[in-house]
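Dropping the structures in below, format is structure tokens.
Two complexes follow with chain A in common, the first pairing it with chain B and the second with chain C.
On to the complex of A and B.
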């Protein structure tokens, strides 16, 4: 099927395709810059392939060859486990490239990110403001260009950030953050309200931008796994596995089956404690402290189990390129016993939550994200599945041991906080069953393949984290990381909150925010 | 010894100190200066029913103006620098600053880059460092104990001056 598909695309755009490279399940097509929008539009609207990632690379160093320029990659996810990557070249002398945001709204932040980090300009972008750099960042400095030294400390300059204004009788603004009242990450929210209902919300992030993608480029591969674990703290395992898988794909290594099963167990343990935490957060925000205490206890139970099994409450240090560092076979009985107790307690908790009218009253119809909005912005993970988007990387592009294990992907259409809570609850049961299945089928005894030399090349690595799909695009040259593009699920989902809160009242904002479970650090990097 | 027993022993000791010193709770304002969220996960864990730090007289407050102590996480990013300084200035004297996690201590794996400044003590005096990535809840409680001893010294100094 995938060959037919590629043939169809090639027939449609024969004259615009300049080059074609196939590696594993990734199909790279270099096309004319001017035709990119048309081709992407065709892939997205006619063939219905979601746009999952846009990123740029600086390949000016290859000056002497014909490729001495910047490149922009548009990654589409197709059915039958295939990725189509459309590439265009952008010259330094004419840094403009046509914007895709008018056709595909999900392109919005990616294009602004490329503008800030590479100095390439999305021509005709509806919102060309800065995204990552603040107003005090000097013009003309682009951190991901190869000639930018990572230790540069640019001076602070005068500048102004202009917020969208809503005007009218009785309209006022509520600025919130970056330092919030609760123990959460920093970000700025600006509400325009009249009375209680929210007329407009503008989010402003990237307070926690640490220059992670640039840091990858000066790190050894083994150390880079630790950096990946620290991109979004509570999704450590999912980030580490995604990165390792990309490198293993470049090396052409198939890791031992036992390592794949252990990774699956780690990823599902991570989903468990995150989902318990999110359900606890929702219960807290609807003023149901009994349910919150109950769910928080479950989360703590999983974190203590994590520590007993892996030595880290957040599952850190387990993954390595080529497999995992520690076998968990001897902990099988302990894990199974704990899972039974978790399952029993969680069922009790959900009965309590569902039967409580004060909870239902706060979460039903609250913070609705329509299927149309979710599709347009490419909302991923439980938030997407609660808005009728049937996407799950574990099933659509299987990795680790998922193709050998049986599980269901819950999809609900309502799109409100209630739907997002329920999707998570279903996923908890699926995770519990997945861990049991994986434990009972632990194969072999090897847990790590030694990799001597990693050849030059690039590849995608991906996992379905508790928040949704994580993508890594890693390019290795001479055993070093040339470029590592990371896309956390929150980068897709943040914009959805601006729609979810509309016509809701300000006091419901925390519940909506919590139900989307967004990472700031994963977004800002 | 179970986690619950450990916490009970450490918590009681901490509680006696705090009561003797303040006659009320110790108020902490947590500031994320660019962390990866792992430290926040552990600070939040301190409020769950297993640890329940509130029962030992430790109160996490919503504003720096109510705080005796700032618990800072993260390597201090360029974009959070100003917000952190404003929070510090809004905290009344005598105040304590505790750097929690490897990043807050010295920048951690993020180190010093164009966007990360490499530790809280570049911007303000830090009284206690709690290493770990992230520190376990037990380590955080131990760090708080060390910090409470320090605030005792600070109060004495202020009294001598007065």
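On to the complex of A and C.
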């Protein structure tokens, strides 16, 4: 199947393909810069492969002898567990590359990110403003270029950021943030309203950009696991596992089956407490404190269970390259007992929540994301599945022990807050059953493979976090990280909120925001 | 409404009286790393693996000092994992707030 597919692509674009590398389930095709848009368009529209990631690398030093240049990678996810990565070369002398955003809207932020971090210019991009850099960042400084020193303290310059404007009689702007009430992170929301309905929303993020990808570079691999774990606090396990899997793939190591099962259990525990927390948040925002209190109680129960099982409420410190650091086999009975109580309480709670007219009135038809928008922006995770996007990395590109366990992927077409709440509720039941299945089938006794030397190479690591798919592309050279590209699901989903709120009223914004469950930290990095 | 009252009554109170009553963390909790001075051989293995780099060895004249700061500790337990003599281990202690940074240092010394 996958060979036929590659043959079809090669036949179609024979003259434009310069080089081909296959490693594991990743197929790298280096193509002519000018043909990239055409090929990506073909993969996306004709073959229906979603574009999941675009990133750049600085390989000027490595290939100085030949043709030192930057490279841009377009990653497509195909059926039958295959990734096609289209690579183009971009010279430092002519830093332009053709934009893909007109054909594939999901390319928008990636291209702007590359523009800010590498100084490569997406020619013809519909919105060429800065994305990550703020106006006080000096022009011509590109942090992810290899010649940029991480200790650089750039001077502040004067500049201005221009927001999109909606003008007309009775149109007002409401600026919200970047400082918000409560303990959440910073982000700016600029609403244009006429009365209560929202005419336009523009979001501005990256206030907490920490240079995580730069920090990864030249870090030792064992320490990097802990950095990955801290990129988005409530998705710690998913980030750590994704990173470890990328490194294990490069090392060509198959970790012990018991470690795979334990990882699966950790990932599902993480999904449980996140989904409980999200449902609690939605209940809070629709002024249904009874539901919020009970959902928060469930979340707390899972976090306390996490603490008993792993020693950390956020499941930290469990993953390492080559497996896991602690066995959880002796905690089996305790986990099973807790899961039964969670399941019973959650069913009771959902019955009350769904049958409450005051909740239904606020969440039904609120914040609709149409299937077309969701597909165009590549909305991932429960938010995507609530808009009819049938994507789940656990099923499409199985990792850990998922290919051995039976589970369903709920998909709803409505695309409103109600649908996103229901998708999460169904996923809770699936997670509960997955943990039980994994616990009952815990194989072997080994939990970690010792890896002596990791060869040079690159690979993708991925997990389905509670928010959606997380991708790591790790390139190792001499036992150190040369480049680590991280894509958190929130990077895809943030733009969807600009569409979800249209024609809704301002007081519904918090519910819509909560129902999408977006991470600032994972997005800003 | 009746359902809600029943559910509420059946659930009862779930919060604890902490901090009035101590809340002891479970066994295996990733809490404050503790140094056992008698066992430490000052080999420096822990200083090399600590991701935030909050354990360091210094040598002055005839005295070796191992300092552990809880300021940046991420409780990963790498120090515990690599210590060949079991001289450092994570404890169940989690109440680490202090008014000065000096209170967050643990220092052990030996004369060479």
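By definition in this document, the second predicted complex is superposed on the first by the 521 of 525 C-alpha atoms of A that agree within 3 Å, B and C clash if a C-alpha of one lies under 4 Å from a C-alpha of the other, contacts with A are read in each partner's own complex, and residues count from 1 in each chain.
The rule is simple: a contact is a pair of C-beta atoms (placed from the backbone, for glycine too) under 8 Å apart; a residue touches a chain by one contact, two chains touch by 3 or more.
Computed from a predicted model, the values in this text were never measured in an experiment.
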Combined model on chain A where chain B meets chain C, clash or fit: clash
Touching A:214 in the superposition: chain B (first), chain C (second), both, neither? first
By the touch definition at the top of the document, which applies to A:236: first (chain B), second (chain C), both, or neither? first
Quick check on the superposed pair: does A:429 touch chain B, chain C, both, or neither? Answer first, second, both or neither. neither
Quick check on the superposed pair: does A:311 touch chain B, chain C, both, or neither? Answer first, second, both or neither. second
Which holds for A:290: it touches chain B only (first), chain C only (second), both, or neither? second
Mind working out whether A:227 is in touch with chain B, chain C, both or neither, as first, second, both or neither? both
Taking the superposition as given, does A:42 touch the first partner, chain B, the second, chain C, both, or neither? neither
Is A:185 contacted by the first partner chain B, the second partner chain C, both or neither? first
Per-residue contact with chain A, leading partner among chain C and chain B: B
Would you tell me the residues on chain A in contact with chain B in one complex that are also in contact with chain C in the other? 223, 226-227, 230, 297, 300, 307, 316
Across the complex, what residues on chain C touch chain A? 3-4, 7-8, 11, 14, 25-26, 28-30, 49, 51, 74-78, 81, 90
Quick check on the complex: what are the chain A residues that touch chain C? 222-223, 226-227, 230, 290, 294, 297, 300, 307-308, 310-312, 316-317, 325-326, 345, 348-349, 352
Which stretch or stretches of chain A touch chain B in the complex? 134, 143, 148, 150-154, 178-179, 181-186, 206-212, 214-215, 223, 226-227, 230-234, 236, 277, 293, 296-297, 299-300, 303-304, 307, 313-314, 316, 519-522
Counting only contacts in the complex, chain B reaches chain A at residues 3, 30-45, 47-51, 60, 62-64, 74-75, 77-80, 83, 86-87, 108-116, 133-134, 136
